[in-house]
Amino acid sequence: MISVAILGATGYTAVELIKILLRHPHVRITALTSREDGRSVDQVHPSLAGRLSLSLENLAPAKVACRAECVFSCLPHCASAKIVPELLAAGARIIDFSADYRLDSPGVFQKWYGEDHPDPGRLGNVPYGLPELFRSEIPGATLVANPGCYPTSAILPLAPLLKEGIIAPEDVILDSKSGVSGAGRKPKMTTLYPECNESFAAYGVGTHRHTPEIDRVLTLFGGKATNVIFTPHLVPMDRGILTTAYLRPGKSGIRAKDVMDALRDFYAAEPFVQVVETLPATKDVSGTNNCRITARTVGDRILTISVIDNLVKGASGAAAQNFNLLYGFDETLALI
Amino acid sequence: MISVAILGATGYTAVELIKILLRHPHVRITALTSREDGRSVDQVHPSLAGRLSLSLENLAPAKVACRAECVFSCLPHCASAKIVPELLAAGARIIDFSADYRLDSPGVFQKWYGEDHPDPGRLGNVPYGLPELFRSEIPGATLVANPGCYPTSAILPLAPLLKEGIIAPEDVILDSKSGVSGAGRKPKMTTLYPECNESFAAYGVGTHRHTPEIDRVLTLFGGKATNVIFTPHLVPMDRGILTTAYLRPGKSGIRAKDVMDALRDFYAAEPFVQVVETLPATKDVSGTNNCRITARTVGDRILTISVIDNLVKGASGAAAQNFNLLYGFDETLALI
Amino acid sequence: MISVAILGATGYTAVELIKILLRHPHVRITALTSREDGRSVDQVHPSLAGRLSLSLENLAPAKVACRAECVFSCLPHCASAKIVPELLAAGARIIDFSADYRLDSPGVFQKWYGEDHPDPGRLGNVPYGLPELFRSEIPGATLVANPGCYPTSAILPLAPLLKEGIIAPEDVILDSKSGVSGAGRKPKMTTLYPECNESFAAYGVGTHRHTPEIDRVLTLFGGKATNVIFTPHLVPMDRGILTTAYLRPGKSGIRAKDVMDALRDFYAAEPFVQVVETLPATKDVSGTNNCRITARTVGDRILTISVIDNLVKGASGAAAQNFNLLYGFDETLALI
Amino acid sequence: MISVAILGATGYTAVELIKILLRHPHVRITALTSREDGRSVDQVHPSLAGRLSLSLENLAPAKVACRAECVFSCLPHCASAKIVPELLAAGARIIDFSADYRLDSPGVFQKWYGEDHPDPGRLGNVPYGLPELFRSEIPGATLVANPGCYPTSAILPLAPLLKEGIIAPEDVILDSKSGVSGAGRKPKMTTLYPECNESFAAYGVGTHRHTPEIDRVLTLFGGKATNVIFTPHLVPMDRGILTTAYLRPGKSGIRAKDVMDALRDFYAAEPFVQVVETLPATKDVSGTNNCRITARTVGDRILTISVIDNLVKGASGAAAQNFNLLYGFDETLALI
């Protein structure tokens, strides 16, 4: 049994992670932390009533490392990187949900997050926890950067196409749509029910912090800097992300079949990526760790459409997948 | 033109009221107040962009009364009654959305609201602004107590049946269901989108503050104290209230037809109450000042089902209806 | 491995059942039937893509019984009872989702369903598959009547209270609210998205076919005929049922604590029933086989509030629970 | 008073139109047609109960023209053009909601709609009823082609920018998102509540019939053929369309301010188009005839984001606006 702790356990990714880990035969949850909260976990997350008897605690990193071999950090950016060094020093392995270790440059981090990175020395040496693309780097790691939800939905369809030169890296438009759970569980006017129900809107146009994360990973595959145009939108639903990508062929003569074949070949052995003929809906993958992708050609453009559950493949499912890789378990354990 | 002010103009009832008043040919909105807000009204309510050019101001009652003949107070309970005396003294007429003047006893108010009433002397002398039942009292008033949303949905079907002895006052069960806008616009965990979307729950069982308001008004019609069992529930939708009432016949031999006839007779001349054969849905009255009612007999019980839009007939539409009565306009002006 | 067939596999309960059974270590799904459909299951249910490779077939009962030891029938009422005799004769065990074997009287069936029962001789000899109340009858059975969704939500809170005399059987009011998946997957105007979204309505007032099913089971526990007043309502959400019950004490001096204690004692050992202090929301049990119950006293009434997921504990989860009992597996297998 | 008829009165655009026309001081609705329906209008549209007493009738065009000076046709494509000639011959003026007269080429119509146009001679001579762009052509017309919902949301932001050369016509990507009412009121599996609730999907990728309509009108303004990439998506909400357009500058040195200024100048006098600084949400214009537009620059791209209510500015509100122009009324009558 691996003892695990979850830091910042009051939010939606945390409760989703707890539910996944409760199904895992080799996991014991030993600590849940929160700065403010001393309530039992089922008061904070009523859906856990009768399934887990733990209280949230305000624990110092050293205490956490005493209790748990593996730590899932659901803390916000900067908060995570402030305690990661101490946790690592105390011997814990960490799967970090925040953006802190997803970029490789302290300068880029500073530009997009507006703060100096608390642990700049590690940037560039932390595997990006998207196993479909970086599987070999994960098992030996002590720290894994769990990907952002939008980046997962955008990178999975595009990376294989960039790698094969099927699409050009210079002109990538990503129009993404997400359910409201992606905005977190802190009460805010913008995510109040009567504000976002029966409404649809864009937000963070040109400024969303997932942009440099997408650019960084796509650049690795395209061999050349992408500068994606990324526009997120809020959909009146709990969970799900759909990303419509508008792309240019990277060479002449590309047909829709070539795009689909490249995707199918690349993901043939992947348990969580399905390349499908029909247009996927977010509901098709709701509650699962799957990503579904299809492609079309329209005029002189290639389009890909991809769907994930932002709380599962976009966060907690990916974290469990990384956990399985870290500890040598079957990658699908607790996820199918 | 009547100059009007709206106090506490940041919420859902205020914006609904503004939209109604903008259609009113004899109204000019001259002041919108908020304790904290100096923003323009279209920043606070984007749907008003281009329709109204006013900023929210933190105005003292005297200032308000200088600007407006009629004041709509959307302030919370106790806040309203604290400034009503000064507004009245300054010559304003007031339509109060709060619960402050709906009860007739300071003791009952203290019991349910947990605070001493700031203006106890007026209790019992303020007309209850449900024109269908108290029309004659309104035109001459300087202060009107605008009814609560749940009470409106419960009292309209029951008052005529109590008056005629068709139902017994001793055994009244009200199971009410409301859209989320009824919970206000202040960010709260319980009304965050992912908390109440795809969910249904009861709240305030046995303790909701609309209970004594319903009891008070029904007692006037039944001639004898009712002690309603009132259970509110939250529906994942923006607006609408449906109340299912479980009642006992007040005399023997009552058939469904008798109940429907009594309702039809009572409301025959009312522009905003429709007694219908089919089961009404909240959507049938959404955005309107209508109340739809039907009745059935099941076993030894009489059931009524009534629907309103909580923001219109349950709040701002009723307020406009009262305004029309106060100033001698056609009661339906701006409401049809 | 137990080979299982699912009859009528195009609907919402069928796909929920398939997902549960795919997690079951001792089940192999060998046949899915549909009268009209020859499509692969992932065309009919896109969320199953990559998880199950079967096509829907129009199979005669004899063929079904050749393929499967256990048959789950998701056929409509009367369609099920028309083929059950042949399936039983061919040696299959059957878990029937329809209402066909839930009542014990052909006359009552005829009255509520408007058709003569196709297999009247078996009525009264088929266990009602609510294991929490009828567990001992299930393991030896060849045919189990899987309970209705509303009845499950109503019977679980009330049966223990009737048994202990805590509530009176003569005056039971059930106000139920269900998500739209309960209305099935056949395109109908009433369940079209823009018809039921942003709306709330009652339906089947006094005439819903689950009424005699509730009465029959409650009568077994109350020792005396109940004639429940049952009112279902449609909530704009996919899944979930909440039932608010208005009850009278069965003896004097009953306090809220007595009601809660009786419920807690009765369900102390049950894995899927949680008696909770706080008011439960349907979301707390969404996607689970749990039923959560609480009780309150208001005035002279006892109230219970219970929630289930209509597709899980209200249908397919209960069916899997019954399956586990039939074959001697741990009752919670594939369900936690 | 102008007598008006509505053909195909059972759908969502028809009921929206009826509600608008009931507020119009110079309109009397004299006929509502439906091929199959003889029900009263309030049975078909319960929200009209008590507001309009008409039954739906299966009327021949000659009969319609006897009853009404102006005919609103909500019939599907081809059905409309089959009766328009007879209605015109009988002296009626027609506002046609179908696509029949929006294109100017029978060949293009045949290609996208798969049928020969029933009235090809009129194509190219019917004004496109988007008053903001074609106002001068409408007053004298006997037949107006009411625009499609998606085209309205796409053309209003782009036409002024093409006209000024601010954007290039060769590379226009339109990512549109619509509420479910746009799919009509005929029961279909795809728009069943549990299918599209809590889900988001694209449809008609590269094949949606609004594409040639958008191309045709934009070409008029860009002076050169556009071949837009248009991708519609379905949002789990009743009403609203948001279109995110990804554009290239038509000349060098274009700043965001230039784009906004061009839009502001173009629409300065328009009552129903608001150019706004903040990102508009569909809810901001819900229930109104407004279109709100903003623009941004991101990287080397210009983005516009526009919102309308698909049932109002995208259909019935635009029709009423055209009606006002046809008959010389204030264009905003019944619409503000």
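The letters A, B, C and D name the chains in turn, as written, and every chain counts its residues from 1.
Note that in this section a residue touches a chain if its C-beta (ideal position, glycine included) is under 8 Å from a C-beta of that chain, and two chains touch if they have at least 3 such contacts.
Every value quoted in this text rests on a predicted model; they were computed, and no experiment measured them.
A.B. asks: Copies chain A and chain D touch; is their interface built from the same residue numbers (over half shared) or different ones?
C.D. replies: same
A.B. asks: Please name the chain that ends up farthest from chain B once chain centres are defined by their CA atoms averaged.
C.D. replies: A
A.B. asks: I'd like to verify one number: the distance from the centre of chain A to the centre of chain D, where each centre is the average of its C-alpha atoms, in whole angstrom.
C.D. replies: Here the centre of chain D sits 39 Å away from the centre of chain A.
A.B. asks: I'd like the Å distance between the centres of chain B and chain D, where a centre is the mean of that chain's Cα atoms.
C.D. replies: So the centre of chain B lies 37 Å away from the centre of chain D.
A.B. asks: Roughly how far is chain A from chain B, centre to centre by C-alpha average, rounded to an integer in Å?
C.D. replies: 46
A.B. asks: At which residue positions does chain B touch at least two other chains?
C.D. replies: 179, 195, 197-198, 236-238, 280-281, 283, 286
A.B. asks: Enumerate the contact residues on chain A facing chain B in the complex.
C.D. replies: 12, 179-181, 185, 187-189, 191-198, 236-239
A.B. asks: Residue numbers of chain B touching chain D in their complex, please.
C.D. replies: Contact set of chain B toward chain D: 23, 43, 46-47, 49-50, 198, 274, 276, 278, 280-281, 283-288, 290, 292, 336.
A.B. asks: Looking at the complex, which residues from chain B come into contact with chain C?
C.D. replies: So the residues of chain B in touch with chain C come to 173, 175, 177, 179, 195, 197-203, 205-206, 227, 229, 231, 233, 235-240, 242, 244, 246, 279-283, 286, 296-299, 301, 303, 305, 307.
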